[in-house]
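As structure tokens, here come the structures.
Here chain A shows up in two complexes: once beside chain B, once beside chain C.
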Partner chain A sequence: MKKTLSLFLTGIIFLLAPLSAQSAEDIIRRADKALQGPRLYSVSSLTIHRGDDVQPPQVMEGFGMEIDGKYHSLTVYREPARMRGTAYLMAGDDLWVRFSTTGRVRKLSSSARKNSAGGSDLSYADMGEGNQGIGSKYQAVLRGRTRLEGQECFEVELTPRRGSAAPYEKVVATISVEEYRYLQIEYFEAGARIKTMALGNYRTVDDTAYPFRMEMVSHTRDSRTVIETTTVELDSPRVEPRLFTTAYLESLR
Partner chain B sequence: MKERTNLRERLLEGWGGWAARNWGKSLLLGSFITLIMTAGVFILSLEMTFFSIMPGSSSQVRDLKKIMADFPLASGITVVVDGREITDASEAEARVKAAVDALEQEFRTEKFAPWVSRVNGRMDREFFRTHGLILSEAKDIRRFTDLYRDLNLTPLLAHLNDDFEREYAGQDDNLADQEVTALSLFRGLEGLINLIAEAAGGSPVENPAIDEVLDTYLMGDPYFLSRDNRMALVIIQPTFTMEDLGPMVKGVTALEETAKQIAREHGITAGLTGLTVVGRDEMVTSEQGLAGSMLIAIILILIIMILAFRMFSVPWISGVPLIIGIYWAVGLTGFTIQRLNIMTAMYMVALVGLGIDYAIHLLTTYVQERDSGANFYQAVEASFRISGPGIITGALTTAAAFFSLMAARTEMMRELGIVAGLGILGEVAAMLIFIPALLGFHHHRRLKKGKEEHRIFQKIKIRTDLASGAGRIIARKPAATALVLLLFCGILTTGAGRVEIEQNLMNMEAEGLESVELQDTLVEEFALAPDGLFILASDLREVKALEKELKDLQSVKRVESAAPFLLLPEEERARREEIFRFRKTVAPLTPASRVDPEDLTEELYRLQMNLLELSDMAYLGGMEKMFLTLNRITGWNEEGDKETQTSLDGLIESLERDPLTADRLALLQGRIFPLLQEKLMRLASAESVVPEKLPSLYGASYISPVTGEFLMSVVPTRNPWEGDFRRVFTTQVESVTSGGTGMILASDQLNTMAKTDGAVTALVALMVIFIILLVDFRNLKLALLTMVPLAASFGALFGFMGYAGIRFDFINIIAIPLLIGIGIDDAVHISHRYRREGPGQMEKTIARTGSAVLLTSLTTIIAFASFIPSVMRAMRSTGVVLSAAIALAFIFSILLHPALLMLSVENKGWNIQAWKRRKK
Partner chain C sequence: MTGPAAALIRRVLPGLLFVLLLLPAGAQGTLRGEYAITGTGYLSGSDGYTSSLNPGNLANLKDLSFQHRLSTRVSAGEGTAFLDLLIDLTPLAEPLSGGVSPELFNLALMRGAVSWYMGDGFKITLGRQSLLTGYGYGWNPLDLANPLKDPVDPEAELAGVDGVTVHLLPGSSLNLKLYGIADPEVSGAGVDYETISLGGEASLVGAGTELKVTGLYRFDGEENLDGPTAGLGAGIFTDIGGAGFYAEASLRNRSRTLFIQPGGVLETKAGPVWSALGGAEYTFPGGLFVTAEYYYNGEGYNREEREDILSALEDPSLLEALGSFDQDIAAGAAAEFAALTEPYRPGCYSRHYGLVSLVYPLYDQNMDLSGTLLYSFDAGTLALQPRIIWYASGGLTLEAAYGGLFDLTGDEAGEAALAPVKHAVSLTGRFSF
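And now, the complex of A and B:
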């Protein structure tokens, strides 16, 4: 009798476990929708705070779209004057940079994706994931619920999918229950939380809520980066496949 | 209902009377005890560093002590030479370098031999000249081979450009990680370009100048300079460690005075930093603070005694036993613990305020009895009979509270418990022995002079007006009084949840300590974190494996060890192979007879573009100094506009316009080529580096001469004392190895101790005190009632700290057992007195005890408040917390406790008499 009961209970647990995993995946999928868009165009201002110093804001135009199953993004600096015309092109895991001072285009190694983007607290990989969502590279488990900024939230723990080039050993996402919005994402390496991203100022763009403010705080350096978006267009006519080529990079002025 | 005298009261009365009559014998007894204690005083040593209060049983602390003992590097002293006040950058650099040379020379003289084992103000260039390549990784040697496969000017520049584009193009992190190396390279390159431009312009260039430029280009500047070259470091390995307290203070002071003097002579400034220097500063500031505090406390207390008793002899009647009591406490410490650390030494100052309480109670009662008409001996006997029991119970409860600290896990708390408990017992014993004897002596002298006894005491009038007034209010409105105070307690207690534990040890040090401030300078100007973690490894292979993993951690800036300088067999094989290939490539090279101006111009333009791109990355990465250096070479400004004509521009222009330029450069090429070739061949020595041949700064410092173990120093990306970064850093390092140790981990132990030991010992103290009260009062209700003001004091204290933003640390946590032990005293005296006077006599009870309770609280507060002016923030916060604790205990004892007693006994009819009496 006892044996039957334990087998029964074990069976129930195994049955329920995938359900909770699915539920976590579903939560992530729904939250990622806010960050994705078929042809995404944005204008943002990125400000780096190092200790008490505030760097001059970097104004960037961002273009993103999926081509042949790979997400492509182009970032072009408009301000400050020194950086005007500098651009980064990401196609999947490939990365190129165009220097405004010389007009030359260089391909960087794929390991450079983990590097800091423009001296900020976000890596190139973070920027790329920011436009795709984090669900593709990580598997999710629901940890439970919590409250953040007065809102009831899901707490989802993500670990890299096998074979994926996920840059972090663990990510913990805090997602609002009501609207499935990312409020906070914590990044872990070697057992410690190394960065925290806070997302806010959600506004509706074409029926999709998009975070117009993101702040990444580094826990290993005395710095934080604030990205404030001024313009977002989904399915924007400004975004075309020809932008995501090295030829276009070389043509930039 | 008056209590009849019990055995204890009769014994005390008997002793008081005998000691007053036989004052000579009593003084002799006290002197004999003092003589014995002197032996203990001689055994005692002072250890006034935070290190000395670290938990000795912790493996991390043990490892740290072992590292301090075996590796002199861990006790290293850094001299920071500062020329930032000088406007001209080149002038600043020149003076700073001259000061470094002078410091090196001076510290190597015989005069400093007792303090200095080694001093390094410059890199050992000679060592790197001959071992540069064997110490480089195989991939870097391959890179060198590519870079120097042709030493003529044009191909050299071409390969350099290739290298830039491969290593740094778009690689912000590479540039940031190797910022110091990259800066050094760019400065070397700047020197080379200037040299070439000079020669191109027709200026004569001497071989020594070429030699120096090539050395700087290949090996960087030998001085340990800051990012803008206005500051430099000199590393001193002392002959002492942090454990050698005497030599540490003398040695650091001698080095500091000389460093400042030499810096002044060069028109700049200098300061010392490092763990050893911080340790010296802790010792000096805490000793100064304590000595000053004790003096202030004693003087203020004696002044109050004079004002209260209005008799000049009272201070010495109370002061002499007070000081003797402290002496006995020190002696007892010598016999038991044999040392005083920061905590126990601070307690000696607290003992001034605690010990005087016993004198105040005795003398107050004595004077009141004389005022009531008793003769001298009757008054002395009465004071012992009436106040004695309360004093002894109070002393026992206080001592019990301290002895309960022996239940703590940490050695520091246990030591404090022993010292503090024995100190209280020593003080009360000294008071009970000396006060009646000194009173008797004083009385004898006055009689001899023929003065009437009663005239003396006409001068004395203990003012009871204030206490009577308070007693009247409480007697008339006990319920209202209790309500108001409970409300006050409740409001304050709401802040209790805000109290935090101090995590940052540096916040406890004295403010404005140069050694601590220079740690921030090291971070800002040299990218050196002031503190990190040490790891011991048993062999080289383990060191290299750990280093590889640790370097990848985001919170780790770099790992320092002997590993880069000692090779494993497979590394040596691989590198030797590359070195042979390098030698084969470089040795047969011959200089070309001409320079093609077009090719060279093209490479110079390409170099310009590479440097511009690097400056873009430096700008984006916030690497200000690198950005400025590269802008200086390229002539571009922050806005991206071409601002100045540089040597590089001039060189390009010269090549394009002046046909003779190529010929001049061909001549220069002919001179640079052999010099560069010779230097490169020397660099390419394949000779193995053995530990014995390593310069001390790089190798010997990281290998124990005793055990042969290897030391690794893990440098974090930022100051680990600030914010939550320490947790990130230690967690990440622990993910690689559990063997890390350092002051940051050791201080975590102290924080844990503050949390757990504070709670455990408080619980034990409360239990012990309750038992003592139960035995003393032989009445459960009275024992419980007497604990109420203590509970209220706790809640209010925590609330006060929460609202005031004062954090608990492992030093001011002493407030908890002190509050338990002292805070209960006032309530005990009132309980005893109320029971003696009987119901309906609260006004009289407070009138009789209030002044003494006020005086004792005031003197205790003064003793603790004397910590507040201390430069050490830990002592200052301890002074505030303890003063607040005693003030709150006084308020609740003198106001709340009598009100609750009246409500319980006179309204509710509780019986607070002893069990035996009730049965009768």
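And now, the complex of A and C:
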């Protein structure tokens, strides 16, 4: 009898697990839509806060689009003066960096994608892959529901898909139930939560709600980075395939 | 023209041209740049700054020196057409005394190029441009078009080369570059058609691996130290477990370096001359970025060749002529001696090199700690260069560095033994605008 019950329960779990996973994947897919665009252009200001010290803002242009089934992103620093012209191009898991000091374009290994971008609390991967959406590299499991900022939210746990070069061991996303908006994303490494991103100030751009403010708080040091987006263009004519080549990186000034 | 008028023109004209050039261009495009001042203190040895390369301190080296550099970049264009101008202004040493006079300076056009995109798959660039390529940090044997970079300071900006480049971008994973470049103008009178070189580069990227193939053909095939040499190159970069592994190799039809031939004549070495590099880089979770490379320098000198150079430098008759009271004899000897010093390039002098570069960002302090270790396996010379870089503000960067050369094997013909300065400290203030 016990054996029969055990088999029955196991069967139920196996039947329900895909439904739950499917549901979580759907939640992530809907939330990712706000960050994605067929041809996404943005201008953002990134300010690093270290304790009471506030760094000069870093202004950057972002370009993103999918080419041949692979997401490509280009980030170009415009301010401050010493970083102007620094750029990084990500094509899938490949990373090239243009150094403004020499104008040289250098390919870097995938380990560099975890490196801090411009000394901020965001990595190259966070910057380049943010507009790709989380779902592409992680598989989602719904952990349950929670409340955040007075809103009913889904709590979704994401772990790297097999074979994907996902930069984090685990990600926990808190997504509003009503509008499927990311409100918080927590990043884990070696079993510990290392940083948390809060997303807010959603504004509608071409029928899509886009977060114009993001704040990444580090849990390993006294530091946080605020990204204020000033311009977002979806399906932007500024975004062309030629931008995502090393030839274009070389011509950047 | 001589006299006060000439002095006035010499003093004012370059600066005036500089301003005239920048004002209109700056109004239409963006103007940015950097001013850097470096104070360098040499630590002299027991013989002062005298070495086989600098007998009796011929180069008139002083304990403390200041280097100024104003680098100005004008860029313009949006969409499909771009302009890039980069002009460096540096003080010029007096030809005779070696001293630096405030009214003597050098304006160098490092870049001056226009680019035009025709659709997504075609780009043409005309003018003085950078054709730097390769994966190596210290050396790039794959790079056939550019002058040798300095492995002791591989991030220093190099002057571009004059030419036309056509980029063909048939897909996101393939990049083709075809170019025609001219030898640098030496006389200011231009160059002949025969000195034009045609080159090409193909890059193919996919699944974490990138391949590059380069080639360069010279019409005259002649020796020209200021221009590139014909050759073929290939390179690969691949990502394994998050680490980047790369290799480059080239085969040239002759060396770009001079060798002492029987009879004491300096000539380049006829090929084939091959060079190769293997390296790896990795970024650790804490941010430490490590690069390690091995370089076989086919254009470098083996022990016997280095000893030939040392013997020529220490030739008693040449040293006697250098100290002659007859100015013609002394000037002739100085020119001959200067030619003998040309082969000496730290980091490219011997055949086998290893390099380790470390960069550790201290984000909380807005600092980078970095260090480069360069070792010549066959000459036993160790070069160390630790640096601290402080990003004081959005525009100001301060950098303190030490550079040291150590002779670990007692090789009298090695880089450390020849160097007149073995230890130096420097402080650089750099303001970007």
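Note that in this section the second predicted complex is superposed on the first by the 243 of 253 C-alpha atoms of A that agree within 3 Å, B and C clash if a C-alpha of one lies under 4 Å from a C-alpha of the other, contacts with A are read in each partner's own complex, and residues count from 1 in each chain.
Keep in mind that, in the parts below, contacts are C-beta pairs under 8 Å (C-beta built on N, C-alpha and C of every residue); 3 or more make two chains touch, one makes a residue touch a chain.
Everything numeric here is computed off the predicted structure, so don't read it as measured data.
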Just to be sure I read the superposition right, which of the two partners does A:86 touch: chain B = first, chain C = second, or both, or neither? first
I'd like to know which partner A:70 touches here: chain B for first, chain C for second, both or neither. second
Touching A:116 in the superposition: chain B (first), chain C (second), both, neither? both
Could you tell me if A:181 is touching chain B, chain C, both of them or neither one (first, second, both, neither)? neither
Tell me which partner touches more residues of chain A in the superposed arrangement, chain B or chain C. C
Which of chain B and chain C A:224 touches, first, second, both or neither: neither
Check whether A:245 is in contact with chain B, with chain C, with both or with neither, and answer first, second, both or neither. second
So, A:253: does it touch chain B (first), chain C (second), both, or neither? second
If you stack the two complexes on chain A, which partner ends up touching A:137: first (chain B), second (chain C), both, or neither? neither
Identify the partner contact of A:94: answer first if only chain B is touched, second if only chain C is, both if each is, neither if none is. second
Can you list the residues of chain A that touch chain B in one structure and chain C in the other? 50, 55, 80-82, 84, 99, 101-102, 104, 106, 108, 112, 114-116, 119, 189, 221-222
Contacts from chain A onto chain B in the complex sit at residues 48, 50, 55, 58, 80-84, 86, 95, 97, 99-102, 104, 106, 108, 112, 114-116, 118-119, 189-194, 219-222
Partner chain A, residues of chain C touching it in the complex: 30, 32, 34, 73, 75, 82, 84, 111, 115, 117, 119-121, 123, 125, 130, 132, 135, 155-157, 167, 169, 171-173, 175, 177, 203, 205, 208, 210, 237, 239, 242-244, 281-285, 287, 289, 361, 363-364, 366, 391, 393-395, 397, 430, 432-433
How about chain A: which of its residues touch chain C in the complex? 50, 55-56, 67-68, 70, 72, 79-82, 84, 91, 93-94, 99, 101-104, 106-112, 114-116, 119, 189, 221-223, 240-242, 244-247, 250-251, 253
Footprint of chain A on chain B - complex, ascending: 165, 169-173, 176, 553-555, 609, 612-613, 615-616, 619-622, 636, 638-640, 717-718, 722, 724-725, 727-729, 731-732, 734-736
